[in-house]
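These notes are about the structure you will find just below.
Going in written order, the chains are labelled A, B, C, D, E, F, G and H, and every chain counts its residues from 1.
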Amino acid sequence: MENEHIRQILTDIEHGKISASEGYARLKLTPYEDLGYAKVDHHREVRQGAPEVIYGASKTKEQIEGIIGSLLAHCPENILITRLAPESAAYLADRFPLFYDDVSRIGIVNRTSHVSAKGTIVVATGGTSDIPVAEEAALTAEALGNKVVRLYDVGVAGLHRLLSNLEVLSSANAVIAVAGMEGALASVIGGLTDCPVIGVPTSIGYGASFQGVSALLSMLNSCASGVSVVNIDNGFGAGYLASMINHTGG
Amino acid sequence: MENEHIRQILTDIEHGKISASEGYARLKLTPYEDLGYAKVDHHREVRQGAPEVIYGASKTKEQIEGIIGSLLAHCPENILITRLAPESAAYLADRFPLFYDDVSRIGIVNRTSHVSAKGTIVVATGGTSDIPVAEEAALTAEALGNKVVRLYDVGVAGLHRLLSNLEVLSSANAVIAVAGMEGALASVIGGLTDCPVIGVPTSIGYGASFQGVSALLSMLNSCASGVSVVNIDNGFGAGYLASMINHTGG
Amino acid sequence: MENEHIRQILTDIEHGKISASEGYARLKLTPYEDLGYAKVDHHREVRQGAPEVIYGASKTKEQIEGIIGSLLAHCPENILITRLAPESAAYLADRFPLFYDDVSRIGIVNRTSHVSAKGTIVVATGGTSDIPVAEEAALTAEALGNKVVRLYDVGVAGLHRLLSNLEVLSSANAVIAVAGMEGALASVIGGLTDCPVIGVPTSIGYGASFQGVSALLSMLNSCASGVSVVNIDNGFGAGYLASMINHTGG
Amino acid sequence: MENEHIRQILTDIEHGKISASEGYARLKLTPYEDLGYAKVDHHREVRQGAPEVIYGASKTKEQIEGIIGSLLAHCPENILITRLAPESAAYLADRFPLFYDDVSRIGIVNRTSHVSAKGTIVVATGGTSDIPVAEEAALTAEALGNKVVRLYDVGVAGLHRLLSNLEVLSSANAVIAVAGMEGALASVIGGLTDCPVIGVPTSIGYGASFQGVSALLSMLNSCASGVSVVNIDNGFGAGYLASMINHTGG
Amino acid sequence: MENEHIRQILTDIEHGKISASEGYARLKLTPYEDLGYAKVDHHREVRQGAPEVIYGASKTKEQIEGIIGSLLAHCPENILITRLAPESAAYLADRFPLFYDDVSRIGIVNRTSHVSAKGTIVVATGGTSDIPVAEEAALTAEALGNKVVRLYDVGVAGLHRLLSNLEVLSSANAVIAVAGMEGALASVIGGLTDCPVIGVPTSIGYGASFQGVSALLSMLNSCASGVSVVNIDNGFGAGYLASMINHTGG
Amino acid sequence: MENEHIRQILTDIEHGKISASEGYARLKLTPYEDLGYAKVDHHREVRQGAPEVIYGASKTKEQIEGIIGSLLAHCPENILITRLAPESAAYLADRFPLFYDDVSRIGIVNRTSHVSAKGTIVVATGGTSDIPVAEEAALTAEALGNKVVRLYDVGVAGLHRLLSNLEVLSSANAVIAVAGMEGALASVIGGLTDCPVIGVPTSIGYGASFQGVSALLSMLNSCASGVSVVNIDNGFGAGYLASMINHTGG
Amino acid sequence: MENEHIRQILTDIEHGKISASEGYARLKLTPYEDLGYAKVDHHREVRQGAPEVIYGASKTKEQIEGIIGSLLAHCPENILITRLAPESAAYLADRFPLFYDDVSRIGIVNRTSHVSAKGTIVVATGGTSDIPVAEEAALTAEALGNKVVRLYDVGVAGLHRLLSNLEVLSSANAVIAVAGMEGALASVIGGLTDCPVIGVPTSIGYGASFQGVSALLSMLNSCASGVSVVNIDNGFGAGYLASMINHTGG
Amino acid sequence: MENEHIRQILTDIEHGKISASEGYARLKLTPYEDLGYAKVDHHREVRQGAPEVIYGASKTKEQIEGIIGSLLAHCPENILITRLAPESAAYLADRFPLFYDDVSRIGIVNRTSHVSAKGTIVVATGGTSDIPVAEEAALTAEALGNKVVRLYDVGVAGLHRLLSNLEVLSSANAVIAVAGMEGALASVIGGLTDCPVIGVPTSIGYGASFQGVSALLSMLNSCASGVSVVNIDNGFGAGYLASMINHTGG
């Protein structure tokens, strides 16, 4: 998968530095660390341009500690842990310099602040209840080197709140539209801007919101071009993707 | 069910005009005509304020003819037939004075024009493809004595088309919002007006529109107050309900 | 969105009272208050004829307190908070004159009683279990200036309970039919009255009731004309819409 | 599976009439005929009290012909073929004395008329469009020896049509309620009678009727006791079950 | 709705015993008691052959107490309360002679034992986990005057357990098949008996059992004739229906 | 919505060039052309950076002709018509210089070729059957000024086909992953690249593919970061979004 | 992915037979042939033990012809084409020695008969209508070198048909259970045998069979151990898997 | 069902050792023990080659104790209890020699270790969170006499982790692929091996993972041949089936 790495091994064989058998073994030696319960991917930063992120939802605090330990050896900053329970956060805070936001439940080890992309990412929400997901997106994008502008509670039932912020929207390289219930925010923003809009349906609502399915379908059917969608409540994924877009052509 | 009717029968018994047995029979005699395949409800205009409507979708042209014949004896004007196939329309047009609109597939026998309510009903669509359903609503409302204003192709991906028609919206007693795909139109209009908004999801779209389910869910989850929903593609129901609202307090 | 407001600004420019730049800024200045976590819409009463309502389900008690504070500055009476948890109600009751109904979990700050519409709204339920949703509808409609008649536990499995209340039904300007399980109440009432019927499916039931989906589908498919539907358990929305209808032509 | 049959075989062995091996073989010899594409069950009338029925929907006319031929050797009358296409019916009518009803698409070979149960079965429909399914039920029940009363187009949106037929309902041993759209008919009838009500949802409707799912859910959630449900459009199953009930205690 | 009752009133008017006005009032006076939160149906035993049953799931213990009190005045025995929470049962046991089964959570006030039907009802389950629902069915049927045979843990993955009980099955007037997971029990029993089989899907299972939906669909699609289905976990409904069938022709 | 346009109008009032009334009218005059059945948005290129696109699926050929005519007056090149039926294409080809691809059913009026973005867009498919959707994406992206590389039939069941094209993938600014059935292609590509991956589920498959729902869900749940999703079969939307991304920072 | 192939390349470099660059190129050279619309996998027989199979459903006859041509160069026998339309079959039969079964719509180029596995595969169906899917499974398994026994129309509603074939079942190395409607066949067979049972739900049925979903869920929830499931109507997949199992340990 | 057993009984009758009546009784005497709440199947090891397994999820600890007691009389080793709650495990550990794994919640009474099959079963997971289900599979397979290799956290978003373990995969007789979210692991492994792959979707994930439905659909639609699927989270079923396959031809 890594052409330079492979080419080097082959050249080493050609030059007699290593034998064919050794080359074969090295080819198979992949840059991950096997903790038994997890195979930590140290090669990911090279391959994907960002360090591995720890999905904290179904891991024990000891498992998370182990993975952080493994990652720290290779990437010293901004290790993200999403969906981190407060108790696990308390445990980890005793062991690592941990930033923890209890609204979005995101944790960042060795958080540093640096902006590596020129453009701006706007994170908008339909209502107050969508803020936890929006903050997951915003904090992720900031940790990945982006300038983020927050635009909360601008749902379509009161359009003037959105329309009075058109200049903010038009200045963005990417907009993250976070909304539950009918999820129309993504479409309306999509019609007002000329940059990619990433829809994040949230599980906010009741009855026929079906834990975000209604908002998800609404965003998938957006009649505005330039709108794509991530999983329900996936603020992290939206922040990560927005960062990718914001770094394009950089 | 009809208090006056019952009271009259009872009074007739009391006064010896009819016997108890005859009264009992009359009480059971309900004002419908039994055609075998249909029980035509001649009492409906009294009970519901509008004549029975013929749902043409799964009836033969001969069955429709029979029902029209039965209805004509009691209500001479504006007999609505919805979802009327062109071939059935041609057959009926040879037998009755039939207005037929081949876009909405609505037929009206002995169509007359009279406006019995003071207010206006606005019928709006998200796109061009929603027009057949919208016309079913508009023609129904007109047949029931309402003034109707059409506002087509004002979907939320191009908000200025809607915003430039705010005066039309604000003048309405009821708005019918007809939209497929993400169905956000109902919510956006709901936030802009202070009259009831009737959402009509349409089966327009593809993929995750699921033949109108996405629009239906979107409208049910509307964060704007005053929005209610009828069945997918049910233009007739929306027009009928809007007419009821428009006649309230009249 | 507000024609008079815009026209005044333009006239002020024309007359030299303000510069074009200042006019431009004012045009963008919309009448909401930004609390950070919420953008409180003080303009809504003008635009929609009713004050903003606070959806309490996913807001902290402090957030609700802040929004009430902002609203009180502009509308002194009948501020509705729906889905208000008992603990939050206790907190707010220490700070505001709060009416709280623990069946429907609705709270009203500075509740006053005045009837502004002539007609009557009937709120009917299929069973005893539907009463919390029905009370949300009834209290909302009352707060918005309507006379409300309650007709509880009149489900279709014992039709005589409903049929013995036909006079109540026929006197209404709007009927709210609240039912779970098979949701047939809306259709049956729809066939008995000539006013709009607003179906509110409830999440009451088990198994194939699917938390209200069965009742929702039943109501959407109503073969009675004049029936529309709001979201599952959305008593507030039904009460609000019924009030709109009851005020039509007023 | 057939105790007498088994006991006879065992007695024959005991008495030396047949050897154990032969008995073993006979025990395994089950009374069906293997046509290759079908295993025709000649034993069913003994086991279930009614001859095998041919589900014609996905069989070729030659396959149906073969099965009829096999069945005729054992049961000479009233062989039912459901969902029989008109072309197949024409083909079979050249070869067997076939009754064919093109509304319900049911065919009966050697149809005879005899009533073997004392009670009455009522078949009711919500609308005209439900008649094909209702006729499948009615013709099935008649072929199985029942007296059937048809009560068509008595949907709940016009309750008086149903209420004026209460005596018919109350005389039944079983009622088959056939309805599409919101399917409330089963519940309403269930509340009015004291005999079993078999709900047959039909695929009649559009939009959120979801080809009968809405009616199916409605009937499953019936708040009236004594209501059970068969598959969507399964008129045959309802007629068969009603016949079983009507023959109970006979 | 009650012909004799109506006829008597009319005769009284005819004979001058009561005036037409009084007759009209009586016609409307339906035999239910209005407790505010419930309309207790004292007429149901006449109309449906069994007393009203209290669905305890979403009622307070005080509401249940009130309804029992109202019912006791008219029917002194075997008042069923389904889905009765243990705490409510304890409360009621202090006030009424209450039988309570904590497996099925059914309560019976003034339980008496008498068998009024000749036949037998078999209640079968696929597994041990289905027993609570099966007991709800069995206790209901017993309270309604039926002899019940229990046949538990005879699921289709071990057919010999079922096949060795064929005589029990063949002696029944009705079989209640209670099963979760794949729900095949109803079909297999349906093929082995000649009496009605009532399928009760249960919410037992995990993953793709979808809380009983898989079993429900399986039973609805049964290829065996004579099978009908009630709601998931609706043991009461099945027991009630089986009792109706068992009393047919009695 | 257009700040410069508004500011100009205000300045004109300020300078007395136009009156306040005239300014008010102009403010409301939005740059769309009303064809009755459609409101063609001539302002979209300014607002969104790309001309309006015609969704041909549910429009008559005459409607499409009318919209093209209206658009040509403002944007002379590369007018896209998606889902254009062959018969409509033939009709339009007689009237406009039309490029038509009968695999993807895309039409382009006055197609010109120019590349305005530096990077490359890769369009990959899982199988041969996904090519029509992929071509819709590829032709759209090319019409919007992008260089496109096609990589077809590289599904995950034969990983070597994908792995041997890693260099192509790693050179892209955006990858469009088009796949039906299990839709794993998006995740696998997402793990191999560091640019945004746009998943396009297709309706290819049968049975539990549910017309693309399975692939849609698979892509939404992608465990690879940087993946977002558009509607099933929405090749156009993916191509448009990829173009937006490819032009970011340009 | 192919260790020997890689090792050989590395050894060739070590021995100076090829340069590192050439080795690198060869490593990337994967054994598929790129036809543009398809990448034919000639390496699959080595990797998976069976030649590539052509899914004919959405390919043109010319595309299929091209792929056959490419495959024939490497594997001369038993090239399977599934879901082959009759017209395409006729076209191909003019060009290749094609066996075509119009029931299952399977085509086999250069069909040869040889049995390479010792055990037997039983293919059972619930009804006659399931035979097309069963034949797809049976013909696939035969083409892959297996002895197949067909056991058709042995559905659970007539258990004796299945029970009289227990010896056939017990002799199998794998059983393929093909059934629509309630799909109980897989569970019942699973309880009767000690070999793997592969469930193939079919889309046979109507109403709540939901095109095979009911059978699919039933099989997934099988309470019998040893049952697994493939996609609805996927006879080929079941035949292929059964062949793998039958060749295990061979 | 057991030919030898039946044949012996018949021979005994033939030889006069037992009477026909006694033979009849014995034929019906099936080898299960009836505990009332459960019918323990002692005959299963003969019939299915493995002892009965106790599904612990909805049984009381006393019920489990009773079933173990009954089973121990016939099969002294490796009695599996799945989904065993920790409290029940503690209770049972006081009474039996119990192995208990609190990750997979599997319990084994009298666990012994012996390998009866030659091949290897590989259990792979997409992530760390899938390990509990994987361990249920692995421990089951080990208890049934198989050698198991665990390969955890090799999800498709980091393909190199999987590709570096190709030799492990290629050595297996069966692979169990355990994955939640998008479930692509089964397809990718299916393309890399030539042995049966058993997909186990897990309920790991959030939002549109729908508790494992997304992974389930993904696996059912696998474009790789040789993949079949068991229920969501059904590690036991996969382990049992893999053992069956691994013992084939043994």
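Points worth noting:
Keep this in mind: contacts are C-beta pairs under 8 Å (C-beta built on N, C-alpha and C of every residue); 3 or more make two chains touch, one makes a residue touch a chain.
Keep in mind the model is a prediction, meaning the values are calculated, not measured.
The minimal number of chain-to-chain contact steps leading from chain B to chain F is 1. Distance from the centre of chain G peaks at C, each centre being the average of the chain's Cα atoms. Looking at A-F and E-H side by side, the one with more C-beta contacts is A-F.
Homomeric contact chain E/chain G is classed as same-residue, with over half of its interface positions used by both copies.
Centre-to-centre separation between chain A and chain C, using Cα means, comes to 38 Å. Measuring from the averaged C-alpha position of chain A to that of chain G gives a distance of 40 Å.
Chain centres here are Cα averages; for chain A and chain B they lie 49 Å apart. Within chain G, the positions touching two or more other chains are listed as 1, 127, 158-159, 163, 191-192, 207-209, 213, 216, 220-221, 225, 231.
All chain pairs that touch, listed by label, are A-B, A-C, A-F, A-G, A-H, B-C, B-D, B-E, B-F, C-D, C-E, C-F, D-E, D-G, D-H, E-G, E-H, F-G, F-H, G-H. Chain B meets chain C in the complex at residues 1, 3, 47-50, 53, 118-119, 163, 166-167, 173-174, 191-196, 198, 216, 220-221, 225-231, 236-238, 240-241, 244-250. Of all the residues in chain E, the ones that touch chain B in their complex are 6-7, 10-11, 13-14, 19-21, 23-24, 27. Across the interface of their complex, chain B is touched by residues 127-129, 131, 152-154, 158-161, 163-164, 204, 206-209 of chain D.
Per the touch definition, chain H reaches chain F in the complex via residues 126-127, 155-159, 181-184, 187-188, 190-192, 205, 207-210, 213-215, 217-225.
Taken in their complex, chain H has these residues touching chain E: 1, 28-32, 36-39, 41, 43-44, 55, 57-59, 63, 201, 203, 211-213, 216, 231-234.
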